[in-house]
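In what follows, a single structure is set out as structure tokens and then discussed.
In this document, chain identifiers A, B, C and D correspond to the written order of the chains, with residue numbering beginning at 1 in each.
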Amino acid sequence: MTAAPRPAASLPLGGVDLSCRFGPLTLPHPVMTASGCFAYGQKFAPFMDLRQLAGLSTKGISPRPRPGNPLPRICETAAGMLNSIGLENVGAEAFLSEKLPFLADLGVSVWVNFFGEDADEYVQCARMLDAGHQRGIDVLEMNISCPNIKKGGIEFGTVPEVAHALTKRCVEATRIPIVVKLSPNAADLPAMAQAVADAGAMGVSLINTITGMAIDVRTRRPRLATTYGGLSGAAIKPIALRMIHQVHRAVPELPICGMGGVGSGEDALELLMAGASCVQVGTANFARPGGALEIRDELRALMAELGIARVAEVIGCVEPLPPEPAWAPAPPDAEASR
Amino acid sequence: MATSPSQFRARVVDNRPLHGGYFVLTLQGPMAPRPLDGVIPGQFVMLRGDWGRDLINPRAFSVLDASDDGRFSVLLKAYGRGTTRLCHAPEDEMLTVTGPLGRGTFDAPTVDGPTQLLVAGGVGLPPLHLQARRAAAAGLASRVELLYGGRDADDLVLLSDLDAWGIAVHLATEDGSRGDRGFVTVPLSRRIERAQARGEAVCILSCGPTPMLRAVRALGLAQGVPTALCLEEEMACGFGVCLGCAVPVYGPKPYAYCCTDGPVFDAREVRWS
Amino acid sequence: MTAAPRPAASLPLGGVDLSCRFGPLTLPHPVMTASGCFAYGQKFAPFMDLRQLAGLSTKGISPRPRPGNPLPRICETAAGMLNSIGLENVGAEAFLSEKLPFLADLGVSVWVNFFGEDADEYVQCARMLDAGHQRGIDVLEMNISCPNIKKGGIEFGTVPEVAHALTKRCVEATRIPIVVKLSPNAADLPAMAQAVADAGAMGVSLINTITGMAIDVRTRRPRLATTYGGLSGAAIKPIALRMIHQVHRAVPELPICGMGGVGSGEDALELLMAGASCVQVGTANFARPGGALEIRDELRALMAELGIARVAEVIGCVEPLPPEPAWAPAPPDAEASR
Amino acid sequence: MATSPSQFRARVVDNRPLHGGYFVLTLQGPMAPRPLDGVIPGQFVMLRGDWGRDLINPRAFSVLDASDDGRFSVLLKAYGRGTTRLCHAPEDEMLTVTGPLGRGTFDAPTVDGPTQLLVAGGVGLPPLHLQARRAAAAGLASRVELLYGGRDADDLVLLSDLDAWGIAVHLATEDGSRGDRGFVTVPLSRRIERAQARGEAVCILSCGPTPMLRAVRALGLAQGVPTALCLEEEMACGFGVCLGCAVPVYGPKPYAYCCTDGPVFDAREVRWS
């Protein structure tokens, strides 16, 4: 316990300004909800005032509707869960006509998560969703990291050159800014981030779920029909923090939307300090449908307690611990102190 | 359909052990509004204690009863980590509750409708118990009958309620210690045969372990008896957003959702082998 | 919940044969202890009968002694912990003279975990440890995956060609069989496993800790002096299972020693079913110094309950769930069933 | 040095709230052998409840006292998740205990040795409290004095014990509500000055929050008073195998281990800035 607590005068709640920027976007606070964990928003209306969110990311959209994977699709693990939903969604067309109007009306930042089964489908999807430009869609969050579809997915997410080419084509296909959601299964995240930044991405989202597995020893079967699924929740927060920090250090000017195990205001602040410009709440929405706004309130209270007036102050602010005094066989002033 | 769901805190006012490892957990929810007013048999709640960072998702439990003093109860048995904790929840512990959830529920019995055969097993009793309670309260006790199976006599709980409501009960135990020896399908097929012999219209409403539901479904389909199944699928959210609780179905789309389209499904619709 | 429990007659405890093979080795049961979590064994003597272990893996040994990293070196996370011990160890020479004799006397399988700061040091270490051939060392567990040293480490663990070359040199440097401990941070585990198998490794160990981070929001400092550390414990079990399963499917003849979050007999059985031939208990030793033998007993009891007579029966036995009936707009016998 | 450590189960027989958020948790361990027989001030135990898969490692607590009926106690305050749970551990809860741990401990006072100034803060009281208890039991109450600092009067606990044992106590509180206003170094420097003025040999034994220990160390080194510090480092195992609890030192090796070389260290040896 060598780090002395940083002395800081606490602030009144009102002294905290939660507003923040994500590239060109201005957000009222840094707490959004994550793709696949918030459906298309509507179903949370009984539980929270959706207009108070900073923004939300929709379930991943593909050019055509998809039915999703066989069941079982989810299973709980230690401090986390696995899912293999299979990117079930209504398809771009139905999204634009049936879901977007509701979202556009909310006045929050709407990020449409999207993907395709191959590169052409990605581009096609970006082109289709371009119809939402200035009609409610603020960001296209390009998911190159889903472990749950057969073709594409993983490969786009692990090879920088492939990701670069794909991003470039999608950026050219739409007027809406693109944020690329990177795969935590990639060996070199900074290279991936640089590659998509060079291709014109406005920012990156990280992390998506990490590929995992669970087995029912009684039936000798995997607990998910697809054998593998994506691990999310508190268990992965340390990995998310590391990846956000690595990318922020390597490509400091690239805004990062951080996610992975955020379940409290303190978790959110950790991600911001690692280098995220805003955060998304995923799995925690299931247990606490109003959780994202509670997390915003906790963040405000914690910032007040710690004397942090503005979000921008702390983005990526974490610094190495001071070095220990140099080792020597005897204390420097061994004689003096006797 | 009951009111739209909300999330609220509720206090454990009683956690009564029955025999066979079952517990009736009674919770005191808010009074105004009472979130579970008008709850329908088959609807459920998601429960979670202040369990920290493990056991991240809430657990689904059918509502056993809800009264107008804001109290409601569920029937529990220790299955895994979550249910084990709930079985040991002490008085005054606060739980987080989401509900009422579930849109597809059991139809109420009617004076001239088919006799409803309520087929229950294990922790699948609550929706049928509530169905029976409501039937009795509506003066329709004779329109429902409970067929109830368990491993042994100990595995059959809350039977005195059914007696008190004047509802006919047919029992089966695997070890023969009470009622028919065998699965609940034994008294069920006998009852269906009797109905068919005398031209009585019957339908099946069933809830219980999946192997039991499969057998009930097969029987219902084979005998041409309209069959409604209350399913249990693994759930993360309970309100239609995680898409984890998919139920394979025949119909315009390959999957329906246990939490929002169900938990009650027409047996014909369910895509089971 | 579509998978019906597999019917199996249970067995008396005595009907379970826990003995198993790891390549040429025969083990009395599949539960060992993991490197870095069991020191050099001695300190567990007050808590358990060490002779009952299947085997143990020592703290990672380098050619010269190493002092380890500055503090803080550990921190707890959700269902896991981060460590950055820095591979502190007594060095190969002191290990051979001071630690090995005690271990050799135990009559259990002794795996000596080792590493170097560069390729030459790896080879040097293997050569030095070769002195333990038939004097107590059964396996050299080559750690190419430690996130906590500056040079080498990670790179050896993520590039198949580099791992192949390193393994080959070490295999040639010693008569003791080499098991390579792979890095979970690699993007393509099966390729890594194949590469080291081709180079003559007798088997692989996986997984090592996953690189992670935690931040103290009050001090704005990382919770570890080295900023990043290795995540272990229950939280990572789903990732371990996936990697073990992937490698076992890709290179079925290669024995796998599995680790990552094993804390119960059921966990151990899960890893075996995924494809491990034996397991190592790591982090769980800290809370339960006698835990490895308790886990062995739990495994025996669970196998008896499930009617599994021999360990070999279940290694890699997990099979996909049966497919759902094909979808159709109407049930196949819709009319018949009315 | 006490007997070699073991792991055992112990039952909560009392969890007594004091003021200021402190609790004295008393546990009943096995009787034969009694694992904590002969425990030495500074030794500690690792405690963990049946907490499931989260909070995976046990927590370290100095032994406050151990009696020959197999009971022993620790002083607690809620700090994070683990200590919060322990503060709420109900009677009869079973905990897993490893101990006694720690080799480096406080030297016992002697008739002709230096006066031991026991400098305590917060939850650092137990080793010094036990040291004082043992001194009194050995008829050496006059050879030890307690210097005890806290935020306010509420933050100073178990003082009546010291009174009962006839041990001199010097208090300090940050808000001045009891004893000197300021840190415990205020009465400590006065006491050292007094000793130096009259040629009295004194030594410091200290345990408390790290910032306090840093100040005590600085003072001890500056005044040339032999100073023993009982340190708290984050621990996973408590018995020398994880190497997590490194303490930077001067000496043949750059690190020593809090759990096996300590927790008590010579202030000169500790490599702190």
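The working rule: contacts are C-beta pairs under 8 Å (C-beta built on N, C-alpha and C of every residue); 3 or more make two chains touch, one makes a residue touch a chain.
Source: prediction; values computed, not measured.
Of all chains present, which has the mean Cα position farthest from that of chain B?
Relative to chain B, the chain with the farthest C-alpha centre is D.
Cα centroid separation between chain C and chain D, in whole Å?
38
Averaging over Cα atoms per chain, report the distance between chain A and chain D in Å.
That pair's centroid distance is 44 Å.
Could you grab the centroid distance between chain B and chain D? Build each centroid from C-alpha atoms only and quote it in angstrom.
The mean C-alpha positions of chain B and chain D differ by 55 Å.
Mind pulling the chain C residues that touch 2 or more other chains?
1-2, 4, 67, 70-72, 78-80, 233-234, 324, 327
Touching two or more other chains, which residues of chain B qualify?
Within chain B, residues 53-55, 233-234, 248, 254 contact more than one other chain.
Are the chains arranged, by touching, as a line, ring, star, complete graph, or other?
It is complete, because no pair of chains fails to touch.
State the interface residues of chain A toward chain C in the complex, per the touch definition above.
Its residues touching chain C are 1-6, 67, 70-72, 77-80, 82, 158, 185-187, 210-222, 225, 227-228, 231, 233-239, 241-242, 245, 261, 266, 269-270, 273-274, 302, 306, 314, 317-321, 323-324, 327.
Can you list the chain B residues touching chain A in their complex?
4-7, 46, 48, 53-58, 96, 98, 233-248, 253-255
Using the touch definition from the top, list the residues of chain C that touch chain D in their complex.
36-39, 43-44, 46-47, 59, 67-76, 78-81, 83, 85, 88, 233-234, 263, 283-290
Over in the complex, which chain A residues touch chain D? Could you list them?
Checking each residue of chain A against chain D gives 1-2, 4, 78-79, 322, 324-325, 327-331, 333-334, 337-338.
Where on chain D does chain B make contact in their complex?
Result: residues 52-55, 81 of chain D touch chain B.
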